Amino acid sequence: MAEPYLSASAMRGGYGKADILNGCTLTVDQGQIAVIVGPNGAGKSTAMKAVFGMLNLREGAVKLGGEDITRLTPQERVHKGMGFVPQTHNIFPTMTVEENLEMGAFIRTDDYRETIEQVYHLFPAVADKRKQNAGELSGGQRQQVAVGRALMTKPRLLMLDEPTAGVSPIVMDELFDRIIEVARTGISILMVEQNARQALEIADIGYVLVQGANRYTDSGKALMADPEVRRTFLGG
Amino acid sequence: MIQVHDLHRHFGGFRAVDGASLTIETGSITGLIGPNGAGKSTLFNVIAGVLPPTSGRVIMDGEDITGLQPHQLFHKGLLRTFQLAHEFSSMTVRENLMMVPGAQTGEGLMNTWFRRGRIREEERALRKKADEVLEFLTITHVADEKAGNLSGGQKKLLELGRTMMVDAKIVFLDEVGAGVNRTLLGTIGDAIVRLNKERGYTFCVIEHDMDFIGRLCDPVIVMAQGKVLAQGSASSIMQNEAVIEAYLGTGLKNKVAAEVAEEANFGESHGAQPGLGAEAGQGGDGKPAGDL
Amino acid sequence: EDIKLGISLGLTGPLESIAPAIQKGAELAMKEVTDSGKLLDGSKIAPVAADNTCVDAAASVAAVERLVTSEGVKGIMGGMCSGETIASLEKVGVPNGVVMISPSATSPALSTIDDKGFFFRTAPSDARQGEVMADIALSRGVKSVAVTYTNNDYGKGLADSFANAYKAKGGTVTIVAGHDDGKADYSAEVAALAAAGGDALVVAGYADQGGSGVIQGSLDTGAFETFVLPDGMVNDVLVTKFGTALETSFGQNPSAEGDGHDKFAELAKAAGFDGTSAYSGEAYDAAALIMLAMQAAKTSDPKVYKDKVMEVAIAPGEKIYPGELAKALELIAAGQDVDYVGATAVELVEPGESAGVYREVDFKGGKLNVIGFR
Amino acid sequence: MSNTRQADAHGRWRAPIVFLLIAALFMLEGTTRNALFSGSWNSALAILNMGLISAVMALGVNMQWGYAGLFNTGVVGFLALGALGPVLVSTAPVQGAWSAGGLRVLLALAVGLGTLALATQVWKRVKAPLSFILIPLVLLVGCVLYRFLFDPAVMAIEANNSASAGNIGGLGLPVLLSWPVGALFAAAAAWGVGKVALGLRSDYLAIATLGIGEIIVAVLRNEEWLARGVKNMSGIPRPVPYELDLQNNAGFVAKAAAWGMDPATASAIWVKLLYAGLFGTVLLGLILLAELALKSPWGRMMRAIRDNETAAAAMGKNIKGRHLQIFVIGSAVIGLAGAMMVTLDGLLSPGGFNPLRYTFLVWVMVIVGGSGNNWGSVLGAVLIWFLWIKAEVWGPELMNLVTMPLPEGALRQHLLDSAPHMRFVAMGLTLLLVLRFAPRGLVPEK
Amino acid sequence: MDFLNALVAILNFVVIPAAAYGAQLALGALGVTLIYGILRFSNFAHGDTMAFGTGLVILVTWGLQALGISLGPLPVALLALPIGIALCSAFVLGTDRVVYRFYRKKKSDSIIMVMASVGVMFVMNGLTRLLIGVDEIRFDDGARFLISVQDFKAWTGLTEGLALRLSQALTLVVTALCCWALFRFLNKSRSGKAMRAYADNEDLALLSGIDPERIVRLTWIIATALAVTAGTLYGLDKSFKAFNYFQILLPIFAAAIVGGLGSPIGAVAGGFIVAFSEVAVTYPWKKIATYLGFQPEGLLQLLSTEYKFAVSFVILIVVLLFRPTGLFRGKAY
């Protein structure tokens, strides 16, 4: 098999002295959906940040499309085609919904109006609020704006940290639906999910992260089928 | 018992809560669900005194509590958590818990100079209690970490943990489950049931995880566009057409099924994979989980 | 002997723009004496400047403390503003027995302060100037005035004494309003003064501070054309700034009957600074007095020479003008009496402050013209 | 955030190290004579005394900002109110002032306050359309009545011996008694201000308090009947002996001789030591109380409130009440410092109360020292005060150094002439350097 | 009853001076508010940036005058302004590089940045004085009045005169232009939106591909341009004096805050509120009353001018009590 599109190998690092990541490895192929699950505080978000260059790695390397990007700044990674929705603080609160989406398209030079319409179509609830400041939205609406912003980037690798937290079931369905669609177009998806069963359902590859290290790695289906994994990590 | 009478809360011209009336019975675990932006959190904020209502009244055990300050409500036994975690970020996790109980001797300025002994004793007891809560929430290892450094889910747990530090009459939980590991959420659900049964706490829970709602709550109130759309037992709600259309949707299952029909990759395992909802229904307390 | 003399001024702070000329004035006198080589058998005077910020009593005390206890100065030309002067005098000057002669602190409080004979000032007394100014104004037919003053003890004291004298002599004061120096804008003051009205505007302020700001505003809006200007305002800065716009204005400042003032201005010009700037002449005189008193006491010990300060400053004796310090030193050494007149017609009265002779000036033709003396 | 652990490791040694550093600076100032230090104990002690007072101010600001996150930039105002204490309590009574109009002034002030109280009551009790008429009416009537009583009384007082008095004078009580009174003045004002303004957030509170500070100072400057306004109030009594008395005291002179000092120096040093003892005692007492409070649940609650008001309110903490409490206490401490300051200066000079010196410099002290940490702000205060004073010398020295290589000429002369202004540059540079190497303060909050 | 004279008197003594002063404050407040909004701290060095920049403009002006350049009725300083802005921006960017960037990278509390700006303020304070001294400097050439009192009286025959200085008119026009341009820039242009995004959520701005350092530079340059423009106009209108520029800082902050920190329109409104309250509240209405046919005994002055600053603050506090984040809903970090 050729080298995967994204490969983050043996990452080790953290915020202070203690390491949060202890040799965590993540890979995603072109058009694949990879899902990370694990207990709270396992280091999932930290791993995402590490992949995006928002955390200094002590060890390990991140490669994108065969190119070593370990030393690049987050902003340079954006230009390499990576998009990221953080778990918290993922909107611009005093800018309108529309401006939030425009900011998603900041590095695009083509006409992005169509993409905006697509996002509105996907999230009709926020479409009604396009002229409202994003900070005034409800929790779930914010989440939708955040995901919408990332979609605006038209990235080649889309990283989502718990995109469905606080989102109502109907929208969550839509969202997963859309993610599959996006993946179809050849975009790689790396996401963290606590709604793990739904997420693993659509995942090509699943990672169970515990204390900053890979505990289980398998296809989504296989992980779902593993009773041990289900009991300890997926809530029965 | 909390009674909400024809409550309105408007933001400019927008009616976030638009004439909601509902009752939370003492001793119940009431679920509050509804689409994003339905006005659930706003309703909570009005009840908890964070936002003044545009009109309407809130009655708690026969007493009108409309417009009381949050700290006054706290002392009446009304606690709440925040949807977006509001931790005290520069304090340690343990301190976050220890600061919660009201009426601490050490909170009087004079006492800090003249009643040191008593304070020391109280502190010891508080610390013990905090450690128990931490243990329960599986975050003992970060007890001395600044709360601001917690992971998203851990903050959510801390949010819940604070309500466990005091004896409350009624607790409002705003999406405690979002971002919390599902296994742990199960445990939390157990704890809520236990607090409800053993200590007689009343709960009002906002949550989008229907497994959780289905397992815990009776009754369930559905809000949409600032109004109460439906009310009833979890199972009846989940079969309610209006609720399905506005909130639940027809379920991921069907769509995935449609997808897999085309995709060979997915095709194989589909048969082995029962619907998510059915799973949850069995995993819970046996109530049918409806369409999901 | 090398004698150090302190110069304590607000080199930074609200009056920082008039401080340099004061410092130069004092240094000019010191240089003159040093160059003459006639002080106490060829002693040299070394000036040591300290920045007292003018407004911060604590900083001023610290600065003067340094001059006295560390530099070991034998006398101080300063302080500059009254509050700060009182503090440093009470806390450093008097306890350590060092003579302080202020060129510019005019607060009446300094007249009654328990200075143990260590404090003098060459600045004019506000009370007297108020009288003189009222006389001049009335004699020119100005029957009603608005008064604005810089909001400190100098301005306030002068404004009060003027207003009282003027009213007593039959004039009308329409308004007495303060202005703060160094403020961004004086429209409010000008508006208030204009609304109150009057034949002329009395500006008890400083020429390069708020005073000229108020004049500027009044001229621009046509509120007043005639200004009555006391010592803080009467100098060449004002003339260069407003030129012929002051055609009808007049004023007075303390000056010797004779050419002391002009002589000093010449000396200053030669030394490269503006001798007409406020208190520059007073500073020259203050420094000169210290050195002449030393000569008279035959010692640089302030505890001794403090008693000679009054003696050299008043008649009888040969009159001494700026630039004649060498002559004065010779005379004193020869045991003869001198009457120091200096740049500002110093005439010290008990308890050690200037009585002041005032010269009346006007600004016809865009120049500062001396009319007469009072 | 990532450096918290590191800071903890050094944490316990930070305060002693900074303390030693400051002590060393003072030793140098007292003993060595060179371009940088004066080598005079008198000078060193003079700086120390004001440093101790600054430390009290900084402690007050730290209570408000460091404990509760209240951005009070009206420090100068509360300081000025405290400074009023010694004037009204301990200066000699002015003959005839009270009979001229003292009581009428008090009455007028009571009327003024009553009017405000009535107006607020109307505002609270009466409904909208009616109150729009009533409130201005109440205010107008009150104002007219107030002016009617106040103006002639003030005129009478100010006319009473206006050159050297013109104020209502003091009570002639011991000056130490006036310190708590000064604190009380500031506290009372803070209570009123707090009631009105504490609802405002951060920078808005800052500008409101800045304004209030300016207003208080404006009152002090312009109300001559109160404390002579800009004409300054001098001759405030001392709690310690006068140097000249000591110099005339045979016993003291003998003792000084035994120590090998001349009487003038010895007396000056002795007086300063006495002051230092007084101020030091007050300071240490305050620190003790503050530390006890901060290290208990009260302190924890305060930090919680500072951290997240919404959550703290939801956890039953009365934000407004606590804010008011700490605002009043902090202001009282600042007022106490004000009273101590005029006692030390022997002078109340309202013209000198400018916000740069008494508000922002104190803020610099707190932040450089380490906000939230009592020891930090106290040490920061002494250090910054030391630098502020020494910048007067160090600035021009710096200029000498800079211009050394320049050829003689107009440029060099211009620079040398401007040397006093290097005071600011020197102060700015030291401030920037300290902040650079201790960005969270010299002794950061743990 | 002499309505026209009353009107002219008010225009001449209250409206025109207050409007010009208000505009000067507004320009300064725009810069303060911009830095607050985007870099999240109150920049105490702003007043001294104005002074320093104006000092540079004056030096350039002198140079141009020495070359014999003149703009006819307009002051040469306008020509020197861009050069002054460029030089001052370079300096300010330098301070950002050596001072503020460090704290930005460390994500220090904004109060630390404020204190650092106090340090910068001191340094600039000294440098300005070294550069150009402490004396008052007049550097306006060209025409002084658009309408002078004498001319006005001659034209209209009224007893009250009216004066409009060129510098006042210039100030008003330039302020209006700056305000409009800034507003357009922030709300419509890509860079402007990026600046607001950065202000809102720095990390997320990074994730959107916005170069934070570029934003910071842009902010400083715009704020400096505003500061130098404000300083120059102020200097042309009054005179240049280093100390005054520090004193003007307080009213500028007051203006920025009463309007709502971070809000450009707020800054402008705030500037006018502060200016008008200073002038109008202490204005004695006696003369106006006399023109309108009353014969008042006193001056009809609400408060004496010594309290003018206090008055403007009282108004400010009252505004804040009813609108706790300023007239135009500023931010509160």
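Lettered A, B, C, D and E in written order, each chain numbered from 1.
Everything below uses one rule, namely that contacts are C-beta pairs under 8 Å (C-beta built on N, C-alpha and C of every residue); 3 or more make two chains touch, one makes a residue touch a chain.
Every value quoted in this text rests on a predicted model; they were computed, and no experiment measured them.
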{"item": "Lowest number of touching-chain links that must be crossed from chain B to chain D", "value": "1"}
{"item": "Of all other chains, the one whose Cα centre sits farthest from chain D", "value": "A"}
{"item": "Chain centre separation (chain C, chain E; CA means) in Å", "value": "36"}
{"item": "Intercentroid distance (Cα basis), chain D paired with chain C, Å", "value": "32"}
{"item": "Distance between the centres, which are taken as Cα means, of chain E and chain B, whole angstrom", "value": "50"}
{"item": "Residue list for chain C, restricted to those that touch at least two other chains", "value": "16, 20, 151, 178"}
{"item": "Multi-chain contact residues (two or more partners), chain A", "value": "15"}
{"item": "In chain B, residues with contacts to at least two other chains", "value": "149"}
{"item": "Residues of chain B that touch chain D when the two form their complex", "value": "48, 50, 69-71, 74-75, 79-80, 82, 86-91, 95-96, 98-100, 102, 104-109, 111-113, 116, 119, 122-123, 146, 148-149, 162"}
{"item": "Footprint of chain E on chain A - complex, ascending", "value": "52, 54, 74-75, 78-79, 83-84, 86, 89-95, 99, 102-104, 106-107, 149, 153"}
{"item": "Chain B-facing residues of chain A, complex", "value": "15, 38-42, 44-46, 87-88, 125, 129, 136-141, 143-144, 161-162, 165-174, 176-177, 180, 194-198, 201-202, 204, 221, 224-225, 231-236"}
{"item": "In the complex with chain A, residue positions of chain B that touch it", "value": "11, 34-38, 40-42, 83-84, 138-139, 142, 149-154, 156-157, 175, 178-186, 208-211, 246-252, 255-256, 259, 265, 269, 272-273, 276, 279, 283, 292"}
{"item": "Residues of chain C that touch chain D when the two form their complex", "value": "11-12, 16, 20, 49-51, 53, 55-59, 61-63, 65-66, 68-71, 81-84, 86-87, 90-91, 94-97, 107-109, 111-114, 116, 127, 151-153, 155-157, 160, 178"}
